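These notes open a run of structures that come right after.
There are two complexes below, and they share chain A, which is joined by chain B in the first and by chain C in the second.
Now for the complex of A and B:
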């Protein structure tokens, strides 16, 4: 199948679903993307989303089930120049415990600390959380406020092709991303934040462990002399995708974190989210929580 | 040991009662060795699958099973049409195992397949074609009783009188209902009109309750086989093996209650109306008013009481029984009203309760006779240990102060049957006991072990009589071909009823042994006792002979004899009369729980800080077991109060998974301080009463009172999820039914 073919899986999210026929566990990135060429492949990482989804009949396996856990290029957490690279196979536990992450990206540690349970954290991967593209995915909000890029690999012709995409443009809807069926996520790249950088994550659920976010909030910025700049705000579970909150950001950018600014930002936040009613909460309650907790997080940052 | 030494050996008195004894089944459970129904596989067994309704409420126009029958590997496909004499099940016999002509709720059974593998059976289900004609769906009980509502059971069904093989023939037929009312209960004592005239203060409120379900480790199932003699052998998981009844567990009622008192704090009358969502068929849920009315009429002294209720059909899943059997719901209303009344007349809530609490010796308007009653001790102990009065006043003063974190403390108490409940013709239990030549005991009891620890407690009671270590006992309790009658594991009755039965059998064995020993040692039976595996002199404790040796002597002689006894215990309780009056239990259990919470008014999130409980348990038999029972019950009550909610919309379950049906997880479990009040019940085994259901009952009511103490806001609807609390705090009506997933 060439790139020019209108039915190419490179172009569309169309699902050529068939019965599972083949299991494949590549040991190199080249083997993996070669296998992905036809597009009729289900990728398996930790399986913590895939297994319950297939058991509930919400997804069907494609012809080939490809276990990516033996590809060395997908693991590890490293400092590369001014960027921290986290491999797609890094588990939530590995991320939480890694010294580079703990030192530079505490907001990601905070999110991981509210993620599922130990058992799920030991199996679930960052790549899986990103590709599952749930509006409530807990690492996605911190990755948005950290301005992460998603690394993608594919083999459009005979050669390995790799490129990066800002995570703020990666998600298109619940479970939907710009990644084509022939692409593999190999990791994320996060610029090392400046020394003035401050960031916070808040997850609202009904219980301390094993809960899907009702809403989540990430706020990051550089704070100097009480003024916040380079502000990035993101919200989870309040729109079809995890959301960069640009109106809230403008309400804060370059301002003193005083009571008036904080209230204005909280109101902007409430007005720019677009939540739904579901079994976890109503849209009304989600908006209220976005307002109240954005305010609380900002007050907390201002006091620190 | 030589004879000279043995003569001088003195055995000190010892008792197993009140000790911490690990449950006999704990090692198997903890190591995963316990076999549940799905662990059993018989050679050559077929696999059954059930086709469930694709509609909530519809007429079945046709069922075509031909393709399914033709599938290789399928042995049989049955529908209602294949069973000429299908017998309806359930409390009102309104429920066919395989539905005839109509489906009335989600997951109604239409056809059953038996095939050589699960996969083949599953594939066969897909080949069955059913044509439906949809009927309007009744999704809540208010709609069910509206004039013109679609009828759910209009047609007669069941035996038509020709089912002679069933003997009961006509009595099992369901005649069809001209309205949607499945059952009514009307209860009165005193004269509420008179009570009303005497009252200074009235409060009246409506409480709405949610559906919850038991979440068992082992899921339901059944395996059956014929033995060579043609007998059916069935393996199933049930708490009532002798009744073979099926129980399911959701429950809802709407419960407007009026309660009045005089200004001096004396309750004058109580009037309650409840509307119960029965679901599509009548199971045990419809009978929970039996228990609810005990709380309304008799938890506190109330001279005039009036209670009317109806359980009505809807197209929701049918309601069964749940730990506490309606008492969580009744207590939720009653105990909130106790706080509200106290506040209205300006009385301390503790003092108000003490003033109206029942005492030993009282016979209530409903005819319950409280021979032992530790109620006031429960209130005092729970309040004292939690420093209730100081905290209550302090929190109340803090309500209006700035800050979004508020603390609250609340209390609730309960009354529940603790000596069985005579709801069937028999509330008894039989025991067969035998001692072998080595003084090992086999205790054959009708009482099932369903995880509550009855094997351990029954063994303790037997050992206490026979002076043997607990390791000497083997309990047989799981085969109806062997064990004697027991009505079932319900009504918190096993320790009390099966315990008294086991003691009876053990005492008969003991007196036979002592009679033999008295002859041998030329004294009277009263001079002797059994202790530490020996026959001893009662006064000095001097060991006379090893019990095992005495038993062997008895056995291996010319007039050989074995020690085998039987005993049947029927508690001295009575059936209620037509007006629901009578002393239905041989003893009553009491308890008070104090709940402390922290409310975040910005989110509605509640942190459960501490539960202080005081329970009148009669007497502690196995301390480890009763601690586990109470703590587990508190956690179950916590789930009922805060997190568990079976969301049903138009007859469909919205959260049929443990992601969205939220059981309490370990980090949420609060600190607990549990005290036991030992009222030493005269009829109870070693003084004990049943406590199986008791600990789950108070939590929701106490939590509601704690939230009111923290915030000044009353919640009349369960569960207290963050959103529900937040809405109440911000004057928004609770939102009960949830829209399905769809983007705005």
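Now for the complex of A and C:
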């Protein structure tokens, strides 16, 4: 399952853990963030990860299980000014099929297209994929190269407080994020890319469906007269979090996308990642794949 | 102590009100509380598709859904599938093409195939294979299942 096999954010040792005492399905954002004030809440959205993880005992429920499905502010995909806002409850299928996303964010469509199976795409939500914070989370790499911001809501005093955090700073470790227990992810905001923007996503796994990435690569930039600028490169499943590859970006920024530049970027990429050996691949294999596939993706971008 | 919660939903066109354990998944509720055992437990983690049902018109794995999350929603299981003409045609196509061997994957396959046909009226083989990639069958080698779904799509009159 693509939503990850790593530890959950609801699972860290220092958190208060009590018996499940209450089920709550708020119908407004205010109710939800008020409920989160005590912090002792397990949040349910699509359930594709929480259901099996909790049944297997890998996630312990907190005192309250809060189902956020009925909060209208968490749904929908809209154009707001120069940003596309995707609600936290948008399913992978909804994102993949939405005209705004298809028109402006094809790299996100590509990643959604590689996400698990139809059944899971129909249920799993973007907010869930983000909060799960799997190093291999399929939507996270495209969100990184699209420079997305994560919308957070909380109620520190008596009033609703909302702010945004760049997704590049959101993840802190496998299953861990900067979101506090009192905060709710309400959606993401993605700047509409410029007309010169090109981006690609590549995922490697052993079979097309239902596979967790061995590696994934996202590359985006503005291309004009063969020169790439505003480069953003991100890798998945090669470090404790999905990450922006700043050294690879520097090797590309402002340069002509010729063979020498592409090779230099691929080498920078190989040196920059920090993968582990696990059931899906060895660290060596992942580094080689990052090198070879970064090269292939860049060649593809250069030819486009 | 198990925490219980009462939910109401529509199942195969009929309103239901049931009391469920808050931790329970929708598959266990359907099989053990409602008593509809057509939906199968295969893997319990969304890999095999044997538990596929439709909720508000989309297919999903009932093992990956909380029972409490069914509240207010519209569920269809394999027991309700042949109430619709498309479901009936699909069943006939499965029979005709010998797409059923041991039969364990069949309810999930049919629920997913029905969703596929709802989105793509006349799917080709590649489209069917893609649509069924979340459903495992260990007997047929898939060919007869894919043939059945393709045939079902072609059999429908073009609007």
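Here is the rule we go by: the second predicted complex is superposed on the first by the 290 of 304 C-alpha atoms of A that agree within 3 Å, B and C clash if a C-alpha of one lies under 4 Å from a C-alpha of the other, contacts with A are read in each partner's own complex, and residues count from 1 in each chain.
By definition in this document, contacts are C-beta pairs under 8 Å (C-beta built on N, C-alpha and C of every residue); 3 or more make two chains touch, one makes a residue touch a chain.
This structure is a prediction, so every number in the text was calculated from the model and none was measured.
**Student:** A:79 in the overlay: touching chain B, chain C, both, or neither? Say first, second, both or neither.
**Tutor:** Touch partners of A:79: none, neither chain B nor chain C.
**Student:** A:282 in the overlay: touching chain B, chain C, both, or neither? Say first, second, both or neither.
**Tutor:** It touches chain B, and chain C stays clear.
**Student:** Quick check on the superposed pair: does A:259 touch chain B, chain C, both, or neither? Answer first, second, both or neither.
**Tutor:** neither
**Student:** Check the residue A:119 against both partner chains and state whether it touches chain B (first), chain C (second), both, or neither.
**Tutor:** So A:119 only meets chain C here.
**Student:** Quick one: is A:20 in contact with chain B, with chain C, with both, or with neither? Answer first, second, both or neither.
**Tutor:** second
**Student:** Would you sort A:67 into first (chain B), second (chain C), both or neither based on which partner it touches?
**Tutor:** second
**Student:** Do chain B and chain C land on any of the same chain A residues, and which?
**Tutor:** On chain A, the residues that contact chain B in one structure and chain C in the other are 208-210.
**Student:** So in the complex, the part of chain C that touches chain A is made up of which residues?
**Tutor:** On the chain C side, the touching residues are 1, 3, 5, 22-23, 25, 44-47, 49, 52, 58-61, 63-66, 68-69, 71-72, 112, 115-116, 131, 133-135.
**Student:** For the complex, give me every residue of chain A touching chain C.
**Tutor:** The contact residues of chain A facing chain C are 1, 19-23, 25, 44, 46-52, 54-55, 61, 65, 67, 69-70, 93, 116-120, 122-123, 208-210.
**Student:** So in the complex, the part of chain A that touches chain B is made up of which residues?
**Tutor:** Residue positions touching the partner: 56, 204, 206-212, 214, 240, 274-285, 288-289, 292-293, 296.
**Student:** Can you name the residues of chain B that touch chain A in the complex?
**Tutor:** 602-603, 605, 643, 647, 654-655, 657, 659-660, 662, 664-668, 721-723, 726-727, 730, 732, 735, 738-739, 741-744
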